[in-house]
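The two complexes that follow have chain A in common; it is paired with chain B in the first and with chain C in the second.
What follows is the complex of A and B.
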């Protein structure tokens, strides 16, 4: 098992390294000269040359990559072109917002998806099952941006019970900041719950049809007791899928946060790309890849510990 | 793995009249196919059906509700919503199709040699694809837009690239098995070149799973296309697109819901149709998928 974890760690580091190269190269080839952006359109060629030297842009690509990576490893990503604030601080602030949103979305998603999935699995073929399946299919068919705008339309514009955008003002009470989280979190939670319910339905349903369940039942064990046993086997594939979903929350956050103008990482990403704020773009892309890869890594290792069979593939 | 011979029979079966797999499709699949066909016809006939131009402004009749003149009302610039939806279907359908086509072609080009040769080729291809899946697809799309600017072509490339690993892995896994089968060994003994073996003796195994994967990827590509257009990374205004209509209408939600609700309904209907069709095709063509289904 430790061998598997070690191999997986090595893979993670290699992919992270390659991802950093990719981010650097994308920014390298993106249109616009950082020196020009810094100085504005009125700068003379001579001024730009001086600024380029000051920013270290006259060194070789290799050299600049090594310097850049070194600084990035020390959490120094430069300053935002737009605000002049350190990129690291900007990103940490935004990430805090996104984390709050994602945690609430996961909690809501599990609270909704878990009972629905179990109910569907234990009552397969019933009307309840059909209804849950239909809900799950619909939840997956409505794109995130459409779900978000529809929720705004219903709860913010029509009933006026929730704010339509933003995260409120600093220093507000927990309750009022929570109000700003509800709609975006629900937007993310609905597809999350739909996937969870779908997988649980199939996996738990299959586990309940296994011979050991029949044996246990025939020995007189109560259904509720047996479900707990079947549960363990159903959870392995479900954890994998949920891990991927958590990784995807990050992507979902880009669209959801744009819909709600919510000041998290996703909104920051879109804003920084639109305003060609390259230091921030570099930061969010690096962070995005790192978080996504880390989540995948944790999922793999957790699964490796939970189920010995899964270890063979990686090692 | 036992499904492979079945797929081959299906793929090379008599296809002169109605393809054999078409028969026996569930009613859900037929409903899906009907829905997709209806949207295709609507998109193609957009100009013939609607008396309006999608870009015709009418400042006097902004944000109107549905009426006889404007069946689905007008948007914030007085443009006919139904007309813009019909024209907006075009980039969605075209880009979605083009993106998956690209993913399928690149996926076969990478996956076939990867699975057939194994060893070094496989390692290199797998590592490169790992890099593609290291980001959520939206990040990939944003990076591409950063490099190439906004536009529908960039959207196609972004969606296509994000789908490539799925197709490549599918083709690779099938090619791996096929490369070790008796008829391939026989072909090699008879002196056939690797290229010939891959195209003549391995590719046919891949066709049916590819069709299924194509159908599964279609609704995803459509959602991705609409989402990227919502973020403003696709078509340039005033060209209509379903995603852009929603983002443009969002600022005027308090005054009129039609300009966003109707495009959303169309997107959802299209996604549901494509999903039904994909599920039906999968049940019919891939016997393994039936185990989990009802």
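What follows is the complex of A and C.
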């Protein structure tokens, strides 16, 4: 297990390094001039030159990268071109918002997807199964911006029971900050639940057809015990898929956060790209890569525990 | 059946069908078996003749979309024909149990064997978990598994097929059922292990005092361990007789053909597995008249006209063939 953790950490560091190089190169060749963006179209070439020097853009890419890397090793990602605030702090704040949103979305998604998937698996071919499959297909095919907009129209505009956008004000009560989370979390939870339900339906359905289920029944075990035993097998492949979903959420739900003007990582990503705020773009992209790899690592550990064969034989 | 032996299985006219009403197809029909305590009744026949389906029907475990009917189905005197699924689940593992062909797939791969014993023992013996642990060790002892404590901490994939089949036998017999259905219990094992596991089953049958339905296509095994043999073809019993009688004076052409394949294998110079030319029909489409007719060298026009009924040819010896009806 320790060897495994060590190897994975090495992989993580190498990947982050490569990602940082790639991000630098891509940004370097992106159209537009950050200094121009910061100063506006009326700025004179002289003013722009000064601004470029101020932002550190006058040095060569190579030089800038080495400086940036040296700082990054101390978790200092520089300052935002747009706000002048440290990038690390900006990102941590935004990630806090994203984390809050995602936890709620994942809890809702599991609460919805797990029972639906199990019910569909145990009654495959029934009307209930068809209904659940239809829900899952809908949840996956309706675009996120449409779903978000629909929820806003119904619950914020028509019934006026939920706020339409933002995250509220600092220092508000937990309850009122929760109100800002409900609609975007629901938007994220629906496709999450749909994926979970679909996978469980197939995996648990297949597990229920395995010989060990027949054996368990022949030994008189209760249906509930038989299903739980089969479920433990079905969860192994399902965990991988859901891990990818979680990783994607944590890297910032760009569309959902934009639709709801929710100040998380996804929103920050869009903002920073639009304003050519290089340090922030670099920061959010690296965070995304790190979070994704970390989640995949956690998935592997969880699967190691769920699958004794993998744990014991290291297969 | 010998006089004075208590009957543990009494099934009359067992029928398994599939498909919705209106387009129902019969897969197994007219199987009647009587098994006494400490007796073994064998079901033999080629693959696909409905032996497993018959065994599953006794357990109430036929696949979804199939239906089981019987004029009588008594196990240990209990009528199983009118049971709800939860009621039937309480009978399984207690009055009637089954051992399957492939021990490598029979246990749940992600649960420790000890956990699976615990689930079965707490359910079927009503014991606490800690008592279940002690019982599991005794049971493993009874099936010749040493080092029980370590074994119970392992997962199925850490064990050999022979070991797993012993475990399965221990689980199936934990609550000392009246009847065990053993479906090809040694087919998946190495030849040396086959004899050991059969000997174990015979020994446990005596100790537990149960009856056994032994499903097998291995006639040598059947000759050694069964008291009565039922030969199945295309979902029907075509001949049944006490074992000695069956091997001494078989009557049905299918039985003759089966026995001939065994003798050819046993005689020196033939290392190739010989078999009866052709293959059995699908269970749900046995053709008209005698299902064996297309492969039978004695077949006449009469054979395809009506399905021959099982008729007595000697004491306890019944045959379903037009030739024996005269």
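We take it that the second predicted complex is superposed on the first by the 256 of 315 C-alpha atoms of A that agree within 3 Å, B and C clash if a C-alpha of one lies under 4 Å from a C-alpha of the other, contacts with A are read in each partner's own complex, and residues count from 1 in each chain.
What we mean here is this: a residue touches a chain if its C-beta (ideal position, glycine included) is under 8 Å from a C-beta of that chain, and two chains touch if they have at least 3 such contacts.
Here the structure is a predicted model, which means the values were calculated and not measured.
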Should chain B and chain C be called a clash or a fit once both complexes are overlaid on chain A?
fit
Which partner does A:211 reach: the first (chain B), the second (chain C), both, or neither?
second
First (chain B), second (chain C), both or neither: which does A:144 touch?
first
Any idea whether chain B or chain C touches more of chain A?
B
Applying the touch criterion given at the start, work out whether A:288 contacts chain B, chain C, both or neither, answering first, second, both or neither.
first
Looking at the overlay, does A:44 come into contact with chain B only (first), chain C only (second), both, or neither?
neither
Apex chain A: angle to the C-alpha centres of chain B and chain C, given in degrees as a multiple of 10
80
Partner chain in contact with A:233 - chain B first, chain C second, else both or neither
second
Name the contact category of A:219: first (chain B only), second (chain C only), both, or neither.
second
Upon superposition of the two complexes, what minimum C-alpha distance (Å) separates chain B from chain C?
14
Which chain C residues qualify as touching chain A in the complex?
59, 61, 85-86, 89-94, 97-98, 100, 102, 105-112, 119-120, 123-124, 155, 157-158, 168, 171-172
How about chain A: which of its residues touch chain C in the complex?
210-212, 214-223, 225, 229-230, 232-233, 236, 306-309, 312-313
Taking the touch rule as given, give the residues of chain B at its contact with chain A in the complex, in rising order.
127, 130-131, 134-139, 142-143, 145-147, 149, 219, 223, 226-227, 230-232, 243, 246-247, 250, 253-254, 257, 260-261, 264, 267-268, 271-272, 275, 292, 294
Complex contact set, residues of chain A against chain B
14-15, 18-19, 22, 26-27, 29-31, 124-125, 137-138, 140-146, 149-150, 152-153, 157, 164, 202, 206, 247-248, 250-251, 254-255, 258-259, 269-270, 273-274, 281, 285, 288-289, 292-293
